[in-house]
Amino acid sequence: MKTVVIGVIGADVHAVGNKIIDHVLSENGYNVVNVGVLSSQEDFINAAIETDANAILISSLYGHGEMDCKFFKEKCVEAGLEDVKLYVGGNIVVGKQDNAEVEEKFKEMGFDRVYMPGQKIEDALTHLKEDLG
Amino acid sequence: MKTVVIGVIGADVHAVGNKIIDHVLSENGYNVVNVGVLSSQEDFINAAIETDANAILISSLYGHGEMDCKFFKEKCVEAGLEDVKLYVGGNIVVGKQDNAEVEEKFKEMGFDRVYMPGQKIEDALTHLKEDLG
Amino acid sequence: MIQNKKIPLEDFLNTRKEVLNQWETGSHPDLKLENAVKKLKNIPNHKNFSYVLKKAKSEGRTLIQPRAGVALIDKHIELLQFLEKEGHADFLPATIDSYTRQNRYQNAEDGIKESQRQNRSLLNGFPAVNHGVDGCEKVFNAINVPLQARHGTPDARLLTEIIHASGWTSNEGGGISYNIPYAKNISLEDTIEYWQYCDRLVGYYQEQGIELNREPFGPLTGTLVPPSISNTVAIVEALLAATQGVKNITVGYGQGGNLVQDVAALRALEEQTNSYLKQFGFSDVFVTTVFHQWMGGFPSDENEATSLIGYASTVATLGNATKMITKTTHESFGIPTKEANAQGLRASKYLTNLLKDQVLSDSKELTNEITQIKREVDILMHAIVRVGKGDLAQGIINAFKSGLIDVPFAPSEMTAGKIMPARDLDGKIRVFEFGDIAFDESIKEFHRNKLKRRAKKQKRELSIQMVIDDIYAVANGNLVGQKGEEKKHDN
Amino acid sequence: MIQNKKIPLEDFLNTRKEVLNQWETGSHPDLKLENAVKKLKNIPNHKNFSYVLKKAKSEGRTLIQPRAGVALIDKHIELLQFLEKEGHADFLPATIDSYTRQNRYQNAEDGIKESQRQNRSLLNGFPAVNHGVDGCEKVFNAINVPLQARHGTPDARLLTEIIHASGWTSNEGGGISYNIPYAKNISLEDTIEYWQYCDRLVGYYQEQGIELNREPFGPLTGTLVPPSISNTVAIVEALLAATQGVKNITVGYGQGGNLVQDVAALRALEEQTNSYLKQFGFSDVFVTTVFHQWMGGFPSDENEATSLIGYASTVATLGNATKMITKTTHESFGIPTKEANAQGLRASKYLTNLLKDQVLSDSKELTNEITQIKREVDILMHAIVRVGKGDLAQGIINAFKSGLIDVPFAPSEMTAGKIMPARDLDGKIRVFEFGDIAFDESIKEFHRNKLKRRAKKQKRELSIQMVIDDIYAVANGNLVGQKGEEKKHDN
């Protein structure tokens, strides 16, 4: 059973998607470790270390995603999590921006998969299978 | 009292605006000669000759205005009505087109005043005063 | 003297020869009835108007249909495919151009040529007669939903022949509703006769086992028409059509603006159409309703227009109409682009779908309004039957002649044009000038009281200026006209 | 132990010193109460929330207000001026950024700097505390309608001080409504105390003859919240505010989706807020209602979004809300541009104005629903008072602790999160998992029956998957979720 850490980063309290992600991934056979809303980068990293996770799925809905995710990959590497897959999704930037540009920005920051508004957790299931086996 | 001929040109049956124009111009002291809907160029010209009109106000709502108004000025001149002011208004072309271009097109055709969708008869009152005195 | 009797087959076939001679496209081999019958029998259910309407009715759904028509066949196909794909239209139309509507096929021909030359449509619709069966069938084959002709043609006999022979399974119109708002001095005798022909053709096909749909044009002039008047016309046309053998009829109503009055009108329309059909001996006609989104002057701001489209969709769905005709954000300017048209459809579909599980529930206000409309319709129907001395066709002709029934703001000289409507305080359409309309004193009292209350509240006279304000109001964002509406339109 | 008692002036002034020390902008001279009082007394009526609300209420109008907030002062002014001019907003907001909401003023400062550097807002709102009185007053002076802070701040004491001292005449929030949906593990004891302070400040100003408006946040999590739960929270917060001397309160409700349930909720909310205020001894509080356009996931198509905005406006107006908070076509993507925001306002205003003369009239369905909501609210209020042993503050804290009242989908650990709502067949929000909520057996039976009927009709289990489908549904154009909603979102 693969383990994934999920949660909502920063000062973000959007809880609905997080609860659904928890349910859908559990139903699909993952061991879900949910750090919940209002979680810091450290909360995600600590949970991933403790549970030996295969992937970290960050949600950011409220617009500050760009600031909140800065140097996250670097910190993961520092913590010895270089092989852990990093996903991010929700409404990860402020406003309606060009999807391709946003994706590139987050890929450059070290995320493996970047999801745009309107992409639901169900859309990530095949990717998770591909990436985690 | 100035006399104006009004009507709706071509195969056009939009009657509501025509009835309002009739009322508003009469209220404002004009002698209104209304040839009604479904009127040909000849209907307008004959009415103008018979009543010694000062202006002809053509309505076209249904989109065929461009075709229906072709050579109207020329026919007026032929009929000795070169001094009669020509106004056209309503929805005079097919579809939402550039206002300035449409205005130019109808001015080239010999119309003195051209009114775009949304311009009501009330908007023409000052012009009529200016033009007819 | 024209009467409401089923046209004998032989007479019909004789007239038919003349009709098919009106323009060269009338000679197409598929206009041989046996060929047309064969073609129509092969139409799959999902492209059959009657079938799709019946299904929607049984599911309680409100389906949507745009207006759309351009001069050239390929462009028209492109347009319809776009509206099907991007707009999720449930039904498609060919809105017919105004020259064809006046049987000016030569003008239409010029319009087609000029449109080809300039590579844009100079016609305000699709000239189906000029394009003939080949053109019309090409359009039909290019889409996946039922197709209907929508027009406003007093004499649509050739047009009707051509579209049905091309697989189009519905035709809008009627001897009254395609005369009064669409003509100036064609007699009702003539237009009723023309439309008896159109209905008889559908009746003929019905006898061959092909159920085509017919749709009287509900909104009439689209301008402050009191519901009882448009409902009466719709019911009369349904009876005239049924007499010719039509078995699938969609009666229509144009949004008035007040939610309760509109839902009441829809419900009264459906109930009374069914009950009058039974009363006249037609027990196997399938009746549905169509609601037209606001038919008067539209706001020019696109967001306001979309909002009005949304409101109309709410009313249609809560009123449980089976079909709704949509408008677009370009309405106040001109014929919409295909994009604008599809956007109107999307906005509409979103709400017909969202609200499909809800209806407006009975309230005292609603049942009172239904009762009021029905009572007025009954009185009008009674007067029509009376002056027809038993014949409905003669009745409606005479009733119009004597002003017993009257339509406001119509171009036609066949209606008295004396009736003058205005809105009451909550925006319901009432009458303040009755002319000779057949309402009894208690009905007139009801209307007068409603309008007096408004005049008092607004501190003004009941006058033509109030009516003009009401006509301008919706485009300005008001339902009940305010003093000086004409000055507000530049918002 | 915190209690629902008016804070003595001395205690308040003591706490105030600490509060003003929380960030450097707390030292502004206008935060001296006598200065603030002078400033607030000079505000003209048309920029005074309480005044404009009272006027709207007396005219039966529904006024509109957007959400809007960006990092920098000048940009925020530009935004608000645009919304006033192009959107015809009746009230303006500063939506506060999320760092400020969590009192992370240093993060907000970084956000301001970064926004200046990149010349675009990297904050999701206006950091009012960092901008201080000078910045906030500059904003206030730049507009011509009343201004309000809208946020979601558990501890908004400093923020509240600053905005009121800057002439902003309304503040959204409350000790419950700005905790449960906006925090994770801050106790209700703390947030109720913080908001007693905010209310006490308003009470102080009231004593000086300045009537400021307060608005509990109605929609809570915006996600399938049963009306009786959000109404109960609103009523409790109104009582808490009134206790501190607040005299002008706008209670809120977020659109649920079913027309009748939404109108019923609005009517029940207004009536019960007034009656509980009287019952608790407050006879001079002026109560209005605010309706929030759909607060859940929005459709991505802009025409569909506008249509939903139009439907919401229809409901608000027919339900006679005094204010409506608008959404935009960008809702599902991110913070809207000023253009998109103004468009949402125009679409909204068009209908609030068009429908101003209509209300939804009483039907059995409507009165039943009002009765149902009121009965549930009464039971919840009763339970709260009971476990508070006479004190409302203790009551609501204990009721949440024991799950007697519970909010679905909340981030906060202070609510049990056991309650599970779902829609019934016509889209009304019902409950199928009650946790420990204080409903009696007959209420539970009512809800269960409604949902059983849906499960039966849809041939499926009452399960969490049904709830997820309901959450996704509106964005897909359905109200009642269908099986497999998650697959439909790419339309």
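We call the chains A, B, C and D, going by the order they appear; numbering starts again at 1 in every chain.
Just so we're on the same page, a contact is a pair of C-beta atoms (placed from the backbone, for glycine too) under 8 Å apart; a residue touches a chain by one contact, two chains touch by 3 or more.
These figures come from a predicted structure and were not determined experimentally.
Enquirer: Return the chains shared as contacts by subunit A and subunit B, ordered by label.
Expert: none
Enquirer: Using each chain's Cα centroid, which is most distant from the centroid of subunit D?
Expert: Most distant chain from subunit D: B.
Enquirer: What is the distance, in whole Å, between the centres of subunit C and subunit D, each centre taken as the mean of its C-alpha atoms?
Expert: 45
Enquirer: Could you tell me the distance, in whole angstrom, between the mean C-alpha positions of subunit B and subunit C?
Expert: Centres of subunit B and subunit C (C-alpha means) sit 29 Å apart.
Enquirer: Rounded to the nearest whole Å, what is the centre-to-centre distance of subunit A and subunit C, using the mean of the C-alpha atoms as each centre?
Expert: Here subunit A and subunit C have centroids separated by 55 Å.
Enquirer: What parts of subunit D, by residue number, touch at least two of the other chains?
Expert: Subunit D, residues with two or more chain partners: not present.
Enquirer: Hey, how would you classify the chain contact layout here, line, ring, star, complete or other?
Expert: It is a line, because the chains touch in a row without closing up.
Enquirer: If two chains touch, include that pair; go through all of them.
Expert: A-D, B-C, C-D
Enquirer: Under the stated contact criterion, what part of subunit B meets subunit C in this complex?
Expert: Answer in residue numbers: 10-16, 19-20, 23-24, 36-38, 62-64, 66-67, 91, 93-97, 117-118, 120, 122.
Enquirer: Help me check something: in the complex, which residues belonging to subunit C touch subunit D?
Expert: Residues in contact with subunit D: 257-260, 299, 301, 303-304, 306-311, 313-314, 318, 343-344, 346-351, 353-358, 361-366, 425-427, 474, 477-480.
Enquirer: Touching subunit A in the complex: which residues of subunit D?
Expert: 98-99, 101-102, 104, 107, 110-111, 114, 120-124, 152, 181-184, 221, 223, 300, 330, 332-337, 340, 409-411, 464, 468, 471-472, 486-487, 489-490
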